[in-house]
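One chain, chain A, appears in both complexes that follow, with chain B as partner in the first and chain C in the second.
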Partner chain A sequence: MRAYRSSSSVVVAGKYIALGFYVAFALFPLYWLLKIAVTPDKLIFTDGTSLVPSGFTFENFSTVLVQTDFLAYFRNSLVVSLGTAAITTCIAAAAGYAFSRFDFRGKRLVIAVMLITQMFPLLMIIAPIYKIVAYVGLLNSLTSLIIVYTAFNIPFATFLMQSFFDGIPKDLEEAGMIDGCTRFTALRKIILPLTLPGLAATLGFIFTAAWSELLFALMLINSNDTMTFPVGLLTFVSKFSVDWGQMMAAGVLALVPSCLFFIFIQRYLVQGLTSGAVKG
Partner chain B sequence: MARIELQTISKAYGSVEVMRDINLTIEDGEFIVLVGPSGCGKSTLLRMIAGLEPITGGEFRIDGKRMNEVPPRDRDMAMVFQSYALYPHMDVARNMGFSLEIRKSATEERVSKVEAAAKTLGLTDLTKRLPKALSGGQRQRVAMGRAIVRDPSAFLFDEPLSNLDAALRVEMRLEIARLHQRLAATMIYVTHDQVEALTLADRIVVLNAGDIQQVGTPLELYERPANKFVAQFIGSPTMNILSVEQSGRGVQLKDGTVLQLTNGSDKSSARELGVRPEHLNVVTPEKAHLSGVAELVEHLGSDTNIHAKVPGVGQVLVRQHGHFPLKAGEPVDIALDLEKAHLFDADGRRLAA
Partner chain C sequence: MTALADTAPGETRARPSFYFRYMVEPYLYLSPAIILIALVMMVPLVIGISYAFQSVNLLRPFQTGWVGFENFQSLWSDRKFWLALTNTFWWTLGSITLQFFLGLGLALLLNTQFHGKRLVQALVFLPWAVPTFLSALTWAWLFNPTIGPLPHWLAALGILSEPFNILGDPDLAMWGPITANVWFGIPFFAITLLAALQSIPGELYEAAEIDGATTWQCFTKITLPFLAPMIAITVMLRTIWIANFADLIFVMTGGGPANSTQILSTYIFTTAFRKLDFGYASAIAVALLGLLLLYAAVLLMLRRKMVKI
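Take a look at the complex of A and B:
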């Protein structure tokens, strides 16, 4: 008994060590970002790799906010990410519901095609996308980014939403329909409230994906007015030097909306809302 | 209140026909139980009546009006699902009042109806709870309450008790019977449990593989089963089936025993003899039709089930009332109550008495 207990406590300790190691590994880059951002410019190189900065300043932040176009990039990114997340989630929710609940001709084909679109490296289709966007005259516009991001994220978001709908028993809608709902009322009053965690997860996922996308933004946007944040970050890299402190400060600021967004939606991410609906 | 008619109803999925030529008239206020083994189509039939499953052939009428294409919400039927299907994000009161909420009835009316239903079902203290905070039996009650509140023209039950434990099942069965007495509404009830069927039904519809085998009162099915399937499905333990052939005015068992059946039916086509375990008796050797050895004796208190092996005839189950002092391995002599025996032809049809 005693041997068993000591071995199990070793296992527990081992688990915590492994977890701790993983957390440190995952969070270290973030810590480094923060550390460089608050280190005064002249100390960045003299400090080298010491873990704690020998000086402390908010100057980088104020420079970024006041002297650069950071706020404009920020606003552009917000528009693109929120727009993409909202449009994608609406379309994906509708498509996911259809895939989950209805059988229709060509359903398997549509699913197969959607899967295939996910198999190509993005680099392969950059040139055609550029040509198309240029042809319709949407270069240098945020609209083009929203459209492209939406198109690329819909398949994955649809599968995600479908799996959430699959998790809601069909009986609930049927009970609703017998209780006097049309299929749409049943969807709105019964299924939708239960899918909120799914919608929140999809929104969050697409928002982060659009927020950090660089490749297409770099290709389709040239003018300073419409640059999104990841492209804007590159302006801190000049021909002869990199303005590390300001770049990291901008990076820290860019994390804020993602964090806020997840704090806002995390209560919907809590699972277990559907428990008690039907006998398990 | 509703009179429900099914006329040559059929159901097909693509080219696969799963039900054919279903004819049934359910009178106003009648309690009908659809019973059969799993996969026999009883739930599909109920879902067609509810409007959740399209009807592919025939006509379905409520009070004489064709209803095939009418959506479920306009059929004025309430349904209790096997899974209960309670709305997880609504409390008990809102679950029960949801149909009235959708139909935009006045709040006071809704509240009073929900309160009345909650009181009948003993749910008054639970109305503010969410379904996940309820036990299985309480969820079942809420599902019933949701149906009662609507005051529908017919109630549909899809195996409502199959998720409950044995004691609760008996209790809820009584409750459903009481509900039917009180409301006198048309009820259609699906189950695979013959005890539920026999205790609740005014009439039972026995289904097998998409066909109606027999429609009748519980006693009719027990005493005059239309065929071997019904004979074996209704009654517990299952009816003994013994191979026979005609012999003069009676029939002969495989071991040569001749039974002088008193009923006057033509026995030339008889292939099998069916006798219920309760119509067999352990007797003294001189009165016996069959002699064998008790292989297994089950003492149930109220009854004793004796599984006997009779050489040349096969396995026979005898049910004796009360405690019967017999041990496995002991010889046993059995008499058949020939007046209550049934003869079946090669197709399993019962030969009329």
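Take a look at the complex of A and C:
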């Protein structure tokens, strides 16, 4: 595309304007969230649509952190997301390695089943899962969420890991195996260190996915002690829908881990999303 | 992984047999994934389909049992179902069209050279990382006249007669979730299409330039044909994904006002979550699944025909 002919200054200006539009569209909602969060309560209504707050305060943040349960929700979400990310990545690394390195009977079937899990409406299984989780007595527990999220994310993570393994030459571990170590040792000593960036990217993707999940958490959790952040925030919103500053401060806090992970995995975005183009 | 260590393949034999390599070893690596997917997704899927033919309502625990096609009969005469079906169509069509064209535009822009490219790329992809529930809340707030600027701006532009909340207007409410969905979905299309654009060999453009092709000709004769397979697969998968996507609407409007934003997936969720009528919810879900399968089958058939020509 670089070969598109060198263009006139009008075209260049148009390009920068278009890019400016995209950046503004992407950032504006988040900016507004932040703006309301730092505006003192009594100024929210007089400020109206002005783009810059006329006052500045961290009070909303401190109120949210000290007086509400958001810190507990935050901790619950962190446990669920980290647990899901860690377990999923381990399981998916093994499965992705099998897809990448072996030709075996039933491979196409397993791949087909994994693709199907990405296509059917997940809400279809929300009722059976509720019943099963209730039956084994895991309602209102973070464990149930970790198990459910792990299963949901394994197919995507597996395809992602497979693409990372595909990028590592087979000769490496074959050389190791000729030198007498088993396949598993070769995998552990030679291949895994090379896929560390891939493992990290997968961790990031799964963490973000688990951090945002709302509907299953809403269904499986209704005690205040085990609410995840999305459920807590939504409950808070429906109960106190006038504390705008506090709600948005809580929103900004929910944004922090995702943004950190995003900056961290940004490099792998193109590779990741194209190899597993099934999921957003 | 530690669980695998005990049964590590080939630990005892230096040269694994053919049978071991092709039948057993791969499954040692795959088994945790297969077991979890089977237990948490496939088994509930089968149970879910069976629920569609049963009466399962947690609020009426004593009236359970097989009811044949009764759920589907009530579905057929349920006006809310048909409304939700129409809404699903408009929601999906509106979202995918805007996401695709804006995403393609962004991908084309990002595929050129300009100053600050890395920063711009990071910033425009950011919405993709924002948790869905938070995008939904943020956009709901932006549309709220007490706290958000959008109604006032729209009124100033003359699009709205006065700054009211379009999420409360049955005729306009669907535009709220669609806007949020477009915001959230542009990065996905931009990323996939950008990857496809970068795989087009540069020599083609050089050759076209030597032959005196215009920029527009380059776009329609080289870029589009190269992108076509990627576009087809992405749009198909994304359509299915968006049709199933309930979070945004559930948080922003809850399906209201007057069911004007109720799509099939939010209808499934509210039926299961609020009414606890699992049988009926599963019947809607089976209907949605059937429609999506039909859609995929039609697309695949079309594709086969196109390829023949």
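In this text, the second predicted complex is superposed on the first by the 234 of 280 C-alpha atoms of A that agree within 3 Å, B and C clash if a C-alpha of one lies under 4 Å from a C-alpha of the other, contacts with A are read in each partner's own complex, and residues count from 1 in each chain.
Keep in mind that, in the parts below, a residue touches a chain if its C-beta (ideal position, glycine included) is under 8 Å from a C-beta of that chain, and two chains touch if they have at least 3 such contacts.
Since the structure is predicted, the reported quantities are computational estimates derived from the model, not experimental observations.
S.K.: Spot which of chain B and chain C makes contact with more residues of chain A, would you?
M.R.: Residues of chain A touched, chain B against chain C: more for C.
S.K.: May I ask you to decide whether A:97 touches chain B, chain C, both, or neither, giving the answer as first, second, both or neither?
M.R.: second
S.K.: Which partner does A:159 contact after superposing on A: first (chain B), second (chain C), both, neither?
M.R.: Once the two structures are laid over each other on A, A:159 reaches no partner at all.
S.K.: With both complexes superposed on chain A, which partner does A:127 reach: first (chain B), second (chain C), both or neither?
M.R.: Second partner only.
S.K.: Between chain B (first) and chain C (second), which, if any, makes contact with A:205: first, second, both or neither?
M.R.: neither
S.K.: A:237 in the overlay: touching chain B, chain C, both, or neither? Say first, second, both or neither.
M.R.: second
S.K.: Quick one: is A:107 in contact with chain B, with chain C, with both, or with neither? Answer first, second, both or neither.
M.R.: second
S.K.: Give one of first, second, both or neither to describe whether A:174 is in contact with chain B, with chain C, with both, or with none.
M.R.: First partner only.
S.K.: Between chain B (first) and chain C (second), which does A:182 come into contact with in this model arrangement: first, second, both, or neither?
M.R.: both
S.K.: Across the two complexes, what residues of chain A are contacted by chain B and by chain C?
M.R.: On chain A, the overlap between the chain B and chain C contacts is residues 180, 182, 185, 273-274, 277-279.
S.K.: Mind listing the chain A positions that touch chain B in their complex?
M.R.: It is residues 169, 171-172, 174-182, 185, 189-190, 193-194, 272-279 of chain A that touch chain B.
S.K.: Please give the residue numbers of chain A that touch chain C in the complex, ascending.
M.R.: So the residues of chain A touching chain C come out as 1-5, 7, 15-16, 18-19, 22-23, 25-27, 29-30, 32-33, 36, 44-45, 48-49, 90-95, 97-98, 102-105, 107, 110, 113-114, 117, 119-132, 147-148, 150-152, 154-155, 158, 180, 182-185, 208, 211-212, 214-215, 218-219, 230, 233-234, 237, 244, 247-248, 251, 254-255, 258-259, 261-263, 266, 269-271, 273-274, 277-280.
S.K.: Give every residue of chain B touching chain A within the complex, in rising order.
M.R.: 50-52, 71-73, 77-79, 81, 83-89, 98-99, 102-103, 130-134, 136, 139, 146, 150, 163
S.K.: Sort out for me which residues of chain C touch chain A in the complex.
M.R.: 1, 4-5, 8-11, 14, 16, 21-23, 25-27, 29-30, 32-34, 36-37, 39-45, 47-49, 51, 56, 102, 105-106, 108-109, 111-114, 120, 122-135, 137-139, 141-142, 146-149, 152-153, 183, 185-188, 191-192, 194-198, 200, 202, 205-206, 208-209, 215, 218, 223, 233-234, 237-238, 240-241, 244, 246-247, 250-251, 265, 268-269, 272-273, 278, 281-282, 285-286, 288-289, 292, 296
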